[in-house]
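As written, the chain order gives the labels A, B, C and D, with residue 1 at the start of each chain.
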Amino acid sequence: MAILVDTGTRLVVQGLTGSEGRFHGLRNRSHGTQVVAGVTPGKGGQDVEGIPVFDSVAGAVAETGANTAMIFVPAPFAADAMYEAIDAGIGTIVCITEGVPAHEMLRIHAFLRGRGVTLIGPNCPGALSPGRANVGIIPAEIFREGSVGLVSRSGTLTYQIGHELTQLGLGNSTIVGIGGDPVVGSSFVDVLARFEADPQTEQVVMVGEIGGDEEEKAAAFIESEMTKPVVAYIAGFTAPPGKTMGHAGAIISGSEGTAQAKKDALEARGIRVGTTPTETAELVLQLVSA
Amino acid sequence: MAILVDTGTRLVVQGLTGSEGRFHGLRNRSHGTQVVAGVTPGKGGQDVEGIPVFDSVAGAVAETGANTAMIFVPAPFAADAMYEAIDAGIGTIVCITEGVPAHEMLRIHAFLRGRGVTLIGPNCPGALSPGRANVGIIPAEIFREGSVGLVSRSGTLTYQIGHELTQLGLGNSTIVGIGGDPVVGSSFVDVLARFEADPQTEQVVMVGEIGGDEEEKAAAFIESEMTKPVVAYIAGFTAPPGKTMGHAGAIISGSEGTAQAKKDALEARGIRVGTTPTETAELVLQLVSA
Amino acid sequence: MDLYEYQGKELFGRYGIPVSEGRLATSAQEARAAAAELGGTVVVKAQVLTGGRGKAGGIKLAETPEDAEAHAGEILGMDIRGHTVTKVWVETASDIEREYYLSLTFDRSAKQPLFMITTQGGVDIEEVAATSPDALVRLHVDPLEGCHPWHARRLVYGAGIEDPSEQKQVAAIVAKLYDTFTGSEAMLCEINPLIVTPDGEVRALDAKVTIDDNALFRHPDLAELRDVDAADPLEALAREKGVTYVRLDGDVGVLGNGAGLTMSTVDVVTFVGGRPADFCDLGGGGDAQGVVDALEVITRDPQVRSIYFNIFGGITRCDEVARGILQALEQMGIELPIVVRLDGTNAEEGRRLLGESGAANVHPEATMLDGARRAVELAAG
Amino acid sequence: MDLYEYQGKELFGRYGIPVSEGRLATSAQEARAAAAELGGTVVVKAQVLTGGRGKAGGIKLAETPEDAEAHAGEILGMDIRGHTVTKVWVETASDIEREYYLSLTFDRSAKQPLFMITTQGGVDIEEVAATSPDALVRLHVDPLEGCHPWHARRLVYGAGIEDPSEQKQVAAIVAKLYDTFTGSEAMLCEINPLIVTPDGEVRALDAKVTIDDNALFRHPDLAELRDVDAADPLEALAREKGVTYVRLDGDVGVLGNGAGLTMSTVDVVTFVGGRPADFCDLGGGGDAQGVVDALEVITRDPQVRSIYFNIFGGITRCDEVARGILQALEQMGIELPIVVRLDGTNAEEGRRLLGESGAANVHPEATMLDGARRAVELAAG
């Protein structure tokens, strides 16, 4: 068992015929993910190294039983692609695209209510369950299978922490990048709840950064709803207010969203926060050894 | 027990200070309904014969614990009133107003999804649980308490059938007018499901009319989901196609929505359909006597 | 409210849907002038709120202004399915390579707008739906999501439109049709045919639009398009007086209060062997003046031989209805037999008023069914 | 992207929110002409993308064009919280009876737009929120529902605005502010103060608007309002070159790939006792040219004493980064010490390339922490 992506994942790649969609789609397939279809309007009937391409997600679902979509289309078309996937009955949508307008995401977030669809991203690296399935751009070779759930707003920082875990002999159940935008489909709390319910996951690492209050909400959730131990890391202690730090969502607005506030909220609830990625990995090792 | 409106109903009347709102609000109160508040923007702080008036539904809810709203505002403001009631946390909304644009109702119907709010109407006479609560314009004096659930798209036709039932010595659990517009908040199926679950209700009368296919959907629902016997009546056998018969929703479009098609759908599932209101009441009597 | 083709096309044009250039003409001379102004071959099209114009000879090609005049002269005044032609639309003729069908309707059952498209356009769409259902692509739009490019793609690819330029044009029209539909609060926006010219241009050759009557208050520009001349004169009079009236073809004038009860009354009159002359709903209130107005409309119908009032008082007070009847008798000198069944609020007082009036042509009855039978008897003579 | 007051007011005006008439001036002479053209008393207001203009002397009343010229002369060139004033907005002065506050923000936490209103306007709103929280009315709008009249009523009555004409005007501004917010895809639309004149007229006296950078592609009219002159020159250069760069105040130039890793690197440099000079994210790809561009920006900062590359290759290939570093060394002749930590995809190849280059100022390190320590040491001496 893992969460979100697994051996039952049947992936359709929206934008498979683009250079990034093709590269990562094939890379995901070579990790063992069942990549059953691609969608590129007007290219229905073609194929990408044996993966059939359809004009619409609905067509891909009807013909291949796809249940998960990965979106690689450019930002101006990403919302359209998300709506198309939702309406085609896709259960899990992973949107890699960076630069989706925030107002689009407000509407999509509201639209998802009560529809039973999971959206990861946008502006995220995707989800990897080592040895089972990889949906997104996370380099699988860094990670090994294990018991540690990893959820993060960042990509490469996650790889860094995963690398440190691997060096300590630890592996992961699933690595989830929830994305660096102000409004994303799944929050820390959403993913933590899945880790809590997942038998394979025994410990969780949460990698947050400045901006918003999702880490604070997660702290409250961990305290009241989780039995599994969680270690956190927060990036951006030295970020100046009012500046966007690479991710659209990584910004301290006024006095809100500072790394210190997040660290304080976590520690107040007994959740240990690593000072560096290295220390974070060491804290996880202590949990596993305990 | 009854459905929708009962002794626990705490009613706020949106538009209480208007002539109709006042008339029916007080009439509902004299039937025993707990009319706890009125809302008229700008008249907050006033009262109507002891019923306090607020500027907003949220204010009324906060101060009086209102859980049900009745809307008497003119059509151009009715959608606004419905949204205000939904967002104020009202659980049951009864919209009497006639003439609400159909596109507004499309959006409201979609917006209600997953919100756990019941909307009755618009363009409806409301709901009456004899002896317990009356929310709307149904003249309570025609009806008596009993075991027959009555659901209808019409107002006066319902009174006619209620009158015939009363003359046969029968009474009602609840009388629900779902409204005569093309899109209403609660369908026959929604109300039938409540009657099925209501201990007081032992038989149900469904009064349909031309237009749409809600009677056909109800026929399928009755066959597959209901244990309680249902008798139906359909109005409009002699209505010409393409003409709106009084209600915005009472129109045969092309060959769709005829009374005969509805009668056939019901009878095909073993549901008896009365030819006249009188015969319909007699069919109910047979059920009760059986 | 149904729009004429020319009104629908004007609306389409406002939202950017390509239509042919044209002029409205109410006389043969105007049609000639329109043809001359447009230049080249034109089509003269009868403007009526019903289908089947083509088969009835209401659409004619004219190569010269003289031809246009002649054709308009034939078409104007024609009767097409009971509608008299008073206007023709003269528009530049189109060369047609292919005919598609595209519509957006208000789907009550799904409670969502419904797109339908097929490349088998130009014919009756219900026939396509019946004979080649696979050729008709249907797609709902969630009103909270709105219409997105994927909807257009699904329709275009689903219908099998293969030329990229056509795909692009049809997709743009799909988006604009949605804007038209929501922007004007339509119940129906139909383009049949949506043509492709030999040059590959896609254009709406017809326009069938129905606007929600309940939304007209916020679309005054559309509300004023209503053509009072086109309606049945009695229905026009009723609208003017605020009376809800639908003309039927029999001899028993029916009045009730409330749509359902009135429909039921019309049905019961039919079931007992009569022929209703109308459906007339006094509505929820029903004051004396409303009754007088309704009787004025009903008695204008020369076919009416008897009148049946079936009133179940709730909000409506029966005494008020009785007063209205007596007032109308006095003002209009109605001699037709009037059967009156009153029940509910103040019914006794109403019956008393009618009884005391001594009006010989007023016949009280105790039940809805008995009232219907009596009215049918009286109509029969 | 933050808009200047004058740009925000122009945007407000487009959506029908009442603002005072005014003119932009970049010189004292222009300010004089603007004042003369407007007539009467004017206000000369520094246009800077920061708060606290008033306290800094950046807002002055001028009764004559001569006064306006004199004031503009003083204000232009002022430094307000590190921002140099290059433009002033000259607008007709308003008599103020009352000052309210109205804003609409993008509430990330609730994932809904959030209205805030108070009749205690004209001051710092965070202060009102802290000292009289009850005076600040907050109301979210469901993005699928949109803004309806009830929202405006809740705000207006909630804030305690009692005059009916004021209620009506503020309610209209609420609706228009929502249109502005959604129409221009803003993250913030703030009016502080929203004034009431002695005549009872309600008007926006200031405008603070932030547009979502990610949405600018579909608002070209707003995108071109960006004022490149106002930005830090290094940040402007970075934007021009497509480099994600934020200037900090230290001496260790930091480059990473990915926002989180780069922020973490900046933090780690700080934790080991150093002072980062910048946050520079090479992004997901990171080809050689990107590295060259980034180094060009970073080395322009005269405070930089050492550079730290912290790269975790995933999609980014470490050999490509190494090539970029070597290319930059060659092109720019950089003499600063460069600490390089490479891990992940093609890290070995990258390290080999750097080793073989023989570049004396390139210092490889094996871990993120060691790299940070080394870079801090090198900056110190």
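Operating definition for what follows: contacts are C-beta pairs under 8 Å (C-beta built on N, C-alpha and C of every residue); 3 or more make two chains touch, one makes a residue touch a chain.
What you see is a predicted model; the values in this text were computed from it and never measured.
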{"item": "Residual chain clusters - chain D taken out, nothing else repositioned", "value": "one piece"}
{"item": "Chain D and chain A - chains in contact with each", "value": "B"}
{"item": "Inter-centroid spacing, chain C versus chain B (mean Cα positions, whole Å)", "value": "28"}
{"item": "Rounded Å distance, chain A centre to chain B centre (Cα mean)", "value": "46"}
{"item": "Rounded Å distance between chain B and chain D, as computed from the means of their C-alpha atoms", "value": "54"}
{"item": "Shared interface positions of chain D, touching two or more other chains", "value": "142, 144"}
{"item": "For chain A, residues that touch 2 or more chains besides their own", "value": "111"}
{"item": "Chain-level touch network, classified as line, ring, star, complete or other", "value": "other"}
{"item": "Chains touching one another, given as label pairs in label order", "value": "A-B, A-C, A-D, B-C, B-D"}
{"item": "Contacting residues of chain A [partner chain C, same complex]", "value": "41-42, 44, 55-59, 77, 79-81, 83-84, 87, 111"}
{"item": "Chain C residues within the chain A interface of the complex", "value": "142, 144-145, 148-150, 153-154, 157-158, 164, 167"}
{"item": "Chain C partner contacts - residues on chain B that touch it in the complex", "value": "75-76, 98-103, 106-107, 109-111, 125, 137-139, 142, 152-160, 163, 180-183, 207, 209-213, 217, 233, 235-240, 243-250, 254-255, 259, 275-278"}
{"item": "Partner chain A, residues of chain D touching it in the complex", "value": "106, 108-109, 111-113, 126, 142-144, 182, 185, 187, 212-215, 217-218, 244, 246, 248, 256-264, 266-268, 270-271, 276, 279, 281, 283-284, 312-316, 343-345, 367-369"}
{"item": "Complex contact set, residues of chain B against chain A", "value": "113-114"}
